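When the chains are written out, they are named A, B, C and D in that same order, and each has its own residue count from 1.
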Amino acid sequence: MSHPLLDLPPLTAERFAAIERRVAALLHTEQDVVITQGEALLPLEGCIRGGARPGSTALNVVTGPYGQTFGNWLRDAGATVVDLEVPFHAAVSAQDVARALSGHPEIDFVSLVHAEAATGNTNPVAEIGEVVRSHGALFMVDAVASVAAEPLLVDAWGVDLCVIGAQKAMGGPAGVSAVSVSERAWRRLADNPAAPRRSYLSLLDWKERWIDAGRKALPHAPAQLEMLALEACLERIEEAGLDAVIARHRAAAAATRAGAAALAAVEPYVYRDEDAAPVATTLRTLDGVAADGLVARALALEPGLPLVAGGGALAKEMIRVNHYGRDADPAVVVRTLRTLAGVLEADPEPAVAAADAAWQV
Amino acid sequence: MSHPLLDLPPLTAERFAAIERRVAALLHTEQDVVITQGEALLPLEGCIRGGARPGSTALNVVTGPYGQTFGNWLRDAGATVVDLEVPFHAAVSAQDVARALSGHPEIDFVSLVHAEAATGNTNPVAEIGEVVRSHGALFMVDAVASVAAEPLLVDAWGVDLCVIGAQKAMGGPAGVSAVSVSERAWRRLADNPAAPRRSYLSLLDWKERWIDAGRKALPHAPAQLEMLALEACLERIEEAGLDAVIARHRAAAAATRAGAAALAAVEPYVYRDEDAAPVATTLRTLDGVAADGLVARALALEPGLPLVAGGGALAKEMIRVNHYGRDADPAVVVRTLRTLAGVLEADPEPAVAAADAAWQV
Amino acid sequence: MSHPLLDLPPLTAERFAAIERRVAALLHTEQDVVITQGEALLPLEGCIRGGARPGSTALNVVTGPYGQTFGNWLRDAGATVVDLEVPFHAAVSAQDVARALSGHPEIDFVSLVHAEAATGNTNPVAEIGEVVRSHGALFMVDAVASVAAEPLLVDAWGVDLCVIGAQKAMGGPAGVSAVSVSERAWRRLADNPAAPRRSYLSLLDWKERWIDAGRKALPHAPAQLEMLALEACLERIEEAGLDAVIARHRAAAAATRAGAAALAAVEPYVYRDEDAAPVATTLRTLDGVAADGLVARALALEPGLPLVAGGGALAKEMIRVNHYGRDADPAVVVRTLRTLAGVLEADPEPAVAAADAAWQV
Amino acid sequence: MSHPLLDLPPLTAERFAAIERRVAALLHTEQDVVITQGEALLPLEGCIRGGARPGSTALNVVTGPYGQTFGNWLRDAGATVVDLEVPFHAAVSAQDVARALSGHPEIDFVSLVHAEAATGNTNPVAEIGEVVRSHGALFMVDAVASVAAEPLLVDAWGVDLCVIGAQKAMGGPAGVSAVSVSERAWRRLADNPAAPRRSYLSLLDWKERWIDAGRKALPHAPAQLEMLALEACLERIEEAGLDAVIARHRAAAAATRAGAAALAAVEPYVYRDEDAAPVATTLRTLDGVAADGLVARALALEPGLPLVAGGGALAKEMIRVNHYGRDADPAVVVRTLRTLAGVLEADPEPAVAAADAAWQV
């Protein structure tokens, strides 16, 4: 019985390695890239449990829920954690980071989420990277929600551990993910006796068994179909051109922001345009209108719309408009604005006109 | 190099035959089913070139563009053709057919399109079948746009040649298609010296080499991936239940019609509800509004909407709203109505409310 | 319900056209390429029914069963047919063709199968093309079993109609196929009132509705999955390099021939190495050993082996060893020789050694 | 740009839950089943790090390399480990386990590999389960190499944690795996303060966020394509019948063992038939013949054969013949025996005859 998802000839080591190289090119890095066989939470956890240890001090920039998760992992790993909490309506600045670092010279690890899909902000990784590098700490960036949506220059920016997933702006699979690892980061992990080893979480295992062993045989059978889907989405991005894919996401964000500004009953959650993430725009409801009810009504009208209410305590006041992958599209943006206008009983035309005017590719 | 679409083990004869049986079940027929390795135009042409010949007289019911194509093929095959032209805003009735038959007792072939996606009407095949059977002519039905959208009882209705494709309400592939063939139809083809033989168009070749040979080896390599997709869409229909799939299409048609009736600037092209096809609703623009311009503006706003302007001379006055497969969905219907209202500068709410009220599954 | 073979966004006209261009590059041609939506029999039939007509005279080179099919189609189309029958153990020579042409100056169409998978021979298309061109006839070549297995220079060789399928050496799908059409061939078809038009067989329809219309919209929905598989196998060939793919097939043929020569109980059916097809080697059994029985015993031992008994009257004396696509592989060749040796009760080692020595890539 | 592995509609929670239920049926269990989003190493590690803790004592039955890995994880988790090392040529007996348990009344966790692909033995889980249950310890079984190859009755046998992967006898994907968890096991994990939580390794997270939350939304995006492949291989097993799939594997093992016994230069590594695994047969080379050299020569002749030399110190003396999934096939078994005979310079016919006689389905 033939089935297109079964009985494939095994993925060769050569092809796996070629996919690694394409990911490295996407990240503009010469570092090792490890393609982890699980969702991006896997390498994020592996990086933190490997990079932090009792005795280390970590600066954890919290701009959304993932930052909170990172803090938990850091404490769990025995590190002293300095949380730099940033209000969700803003980005962190390099100055904020510099101030925190100067207040804690012992900080040797900095974790940062590049763009936050959940809160809609994005952080200036390039500037922060400069500050972190001059301080000397290891710099980990979660770029799951920024890769392919905004520039990501791992080497130029001095990122030591950069984690990506393909399921947002890359338009690819969620079942495999990747992390680039600098030489400095490898040393840090190798020197950490508590770093995961002989574990599904271990980056060091992968280095020893795959990279250092000459990339001849995979340590265990990969998630082959997810790897093929990753390869296919990389091909698609290469064909369209990474710059064009980034521009499309930026245009979607600008159009959504501009359109939302024309709807009187909501306001952009993130104050400044330059702090707004290219994959999602968060809106605050005014006048006590419940965000989750609004989103439910909108989705009742149009089930496929990329709308979500904020998580947890934000459910009543935050509407998140996603615009990544296939939703980074002018028609989807317009449809979303129209539907929001409808459930807000507002005139949609000014919002649509503003979105059209703001769409620039 | 593994690729999920390459290097599949060959489709076995057993599995091909099992797909045939599932198609037969879908059509409620005990007749032979031939799964033709091409778009549905292939079996339609094969049926007509095989069923008609010099000396035969065909009644060709023309309710849309396919009827015109059938007339060309019939004449090409040397038959005398009686065209029964039906205005696009109506269905043909069994009485119309009975009248035509009684005026031409020599008619030995009747061709009919069940539902016309292009013009939005649907014809009462059951009643017409009774008339044709009592007259004694061979009855060919093009059910590409009706299968899985409305009942299709090939044996009960006395259809001799029933052609389907999977690309509309079945939500499947376009690259293979199927035709059920009654014993009477096989005899007609076999007795026709001009019927295609040793030809890609030949149903008789397939019968001889596959059916009569015991379904042991396919006459030539099949379009395997399209066959697998056909199998997958059949499974999906069986899981949801054919009746539920049909009900969903009927609801989409009713909701679209009801919604459009609330928009003053258009009117349903097909006058009577019972004549309206479940896969597409055609609308006539009023007051000289150009349909093609309207559709273009709507698609500029929402590129994915299932809207098309009428073909040829109808481009200025006909809007076609498709609602088959994944588009037979309340959200898509509502979105389409809203967008139409927008470009017509009409209030969308009455249309949406009417559509909601009419959606019944 | 998601399924990887259903609900794909439609294949765009741009992508379809890009696949055409890749096929043209594979054929080394600047001619139009039509990708036909069916097995290669479809364009072969379309070429012959379009290129021949009452009043035309065709030279039909018969080196295997497809040549016989072509003769039937040619006669069916009303042409006078000069069959040049070549014994299955040899290729036709350019001299043979020149002689036939000089004996029938009225010949205006020549049909030739490049390589015959069924009989294991291959014909010198380059030399024959020169002869045909100087005679002035239209030259149709069936290259289904040669494309990607031996050089195929459509323009340099003056082939007017070159039909390919992807299911042999290309390692691709069987459900779509292609034909390159020279300007001369288009004129011939256009001037033929009996050429298929408004038909699934019609190349002219495709030219009018797709090529001449600017490749903006496909005339009908394509066999999308087969198209994607065609694209994928083209990519794979491009990555490996066409020359390397050809060399692998040639090596497989040389090794099979050399190995078989070491088995006393069979002899190569095709006498001369240069006449042997790179996709299949045919062997004649000696001493009255029944070929079909031998093949059945071999397949009982090893069901997956690429072995087939000859068709029809050849069933008792011809064994065909296929070595195309994934079977153009030294291990498969060796395994096949070993199994043949086993059922022939011969020592396999000399055959294996000879095959190893002959494998040259 | 359409691609069959990209842009699929998301896997719904309902469908994910339905796959869980099909896995539970395969395991004959009413317990919760967690489908883990990674290779089977992930749930194995999660079970051990969750089930063991400082203060617990584990009986670790070591019948192959995975047993050694489990011992490392158990020690890492702080447990006192009693290793019950079983020579690789035998299975462990229920008596062995009973003796170990009676010598260490404090044992509260038992880990066992059902079948060892690496060493070719299989252990009597039913009998051992009875012993473990009466002792009261938690019973973890690694059934990756036995599921679909031999009976696996999780509930009847009292297995508390049963881990499977689909990549061996199931003929499915390696990128997702599963574990059934008894109520007792859930309590043990919940009572363990050191059990992984807020971790990719955590089974408790999955229980809390998915099972206890009513299976409404997945905790994170799944490896969708691997899930679809898992579903497809489950369907295939259900269609063939689980018993038939098991019988095919058992026959392949019996035939391989019988055939190998007829080759004088090797002997089955596992002494008794009932201790031999149905997915792989291990052979010991005699007279100082190097196993790795033999395997290399065999694979040079036939690259696709399911032959591997033993790992580590066993490389010189152990040949492993895999016969799972598509290789549990009489032709593959025969081909393997013939090739082994060839490189051993032995007569293959007695081995083939013995294998044929032993194949019983």
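Here, a contact is a pair of C-beta atoms (placed from the backbone, for glycine too) under 8 Å apart; a residue touches a chain by one contact, two chains touch by 3 or more.
A quick note: this is a predicted structure, and the numbers were derived from the prediction, not measured.
Student: Using the touch rule from the top, work out which pair, B-D or C-D, shares more C-beta pairs.
Tutor: If we tally the C-beta pairs in contact for B-D and C-D, the bigger total goes to C-D.
Student: Would you kindly say which chain has the C-alpha centre located farthest from the C-alpha centre of chain D?
Tutor: The chain farthest from chain D, judged by C-alpha centres, is B.
Student: Rounded to the nearest whole Å, what is the centre-to-centre distance of chain A and chain D, using the mean of the C-alpha atoms as each centre?
Tutor: Using C-alpha averages as centres, the distance is 36 Å.
Student: In whole angstrom, what separates the CA-based centres of chain C and chain D?
Tutor: The mean C-alpha positions of chain C and chain D differ by 46 Å.
Student: If you average the CA atoms of chain B and of chain D, how far apart do the two points sit, in angstrom?
Tutor: So the centroids are 51 Å from each other.
Student: For chain D, give me the residues that contact two or more of the other chains.
Tutor: 1, 3-5, 7, 224-225, 228
Student: Please output the residues of chain D touching chain A within their complex, sorted ascending.
Tutor: These residues of chain D touch chain A: 1, 3-7, 37-39, 41-42, 45, 69, 72-73, 76, 167, 171-176, 198-201, 220-226, 228-229, 232-233, 236, 239, 326.
Student: What residues of chain B sit close enough to touch chain A in their complex?
Tutor: Residues 1-5, 7-12, 15, 224-225, 228, 301-304, 329, 331, 334-335, 338, 342, 348, 352.
Student: Taking the touch rule as given, give the residues of chain D at its contact with chain B in the complex, in rising order.
Tutor: For this pair, the touching residues of chain D are 4-5.
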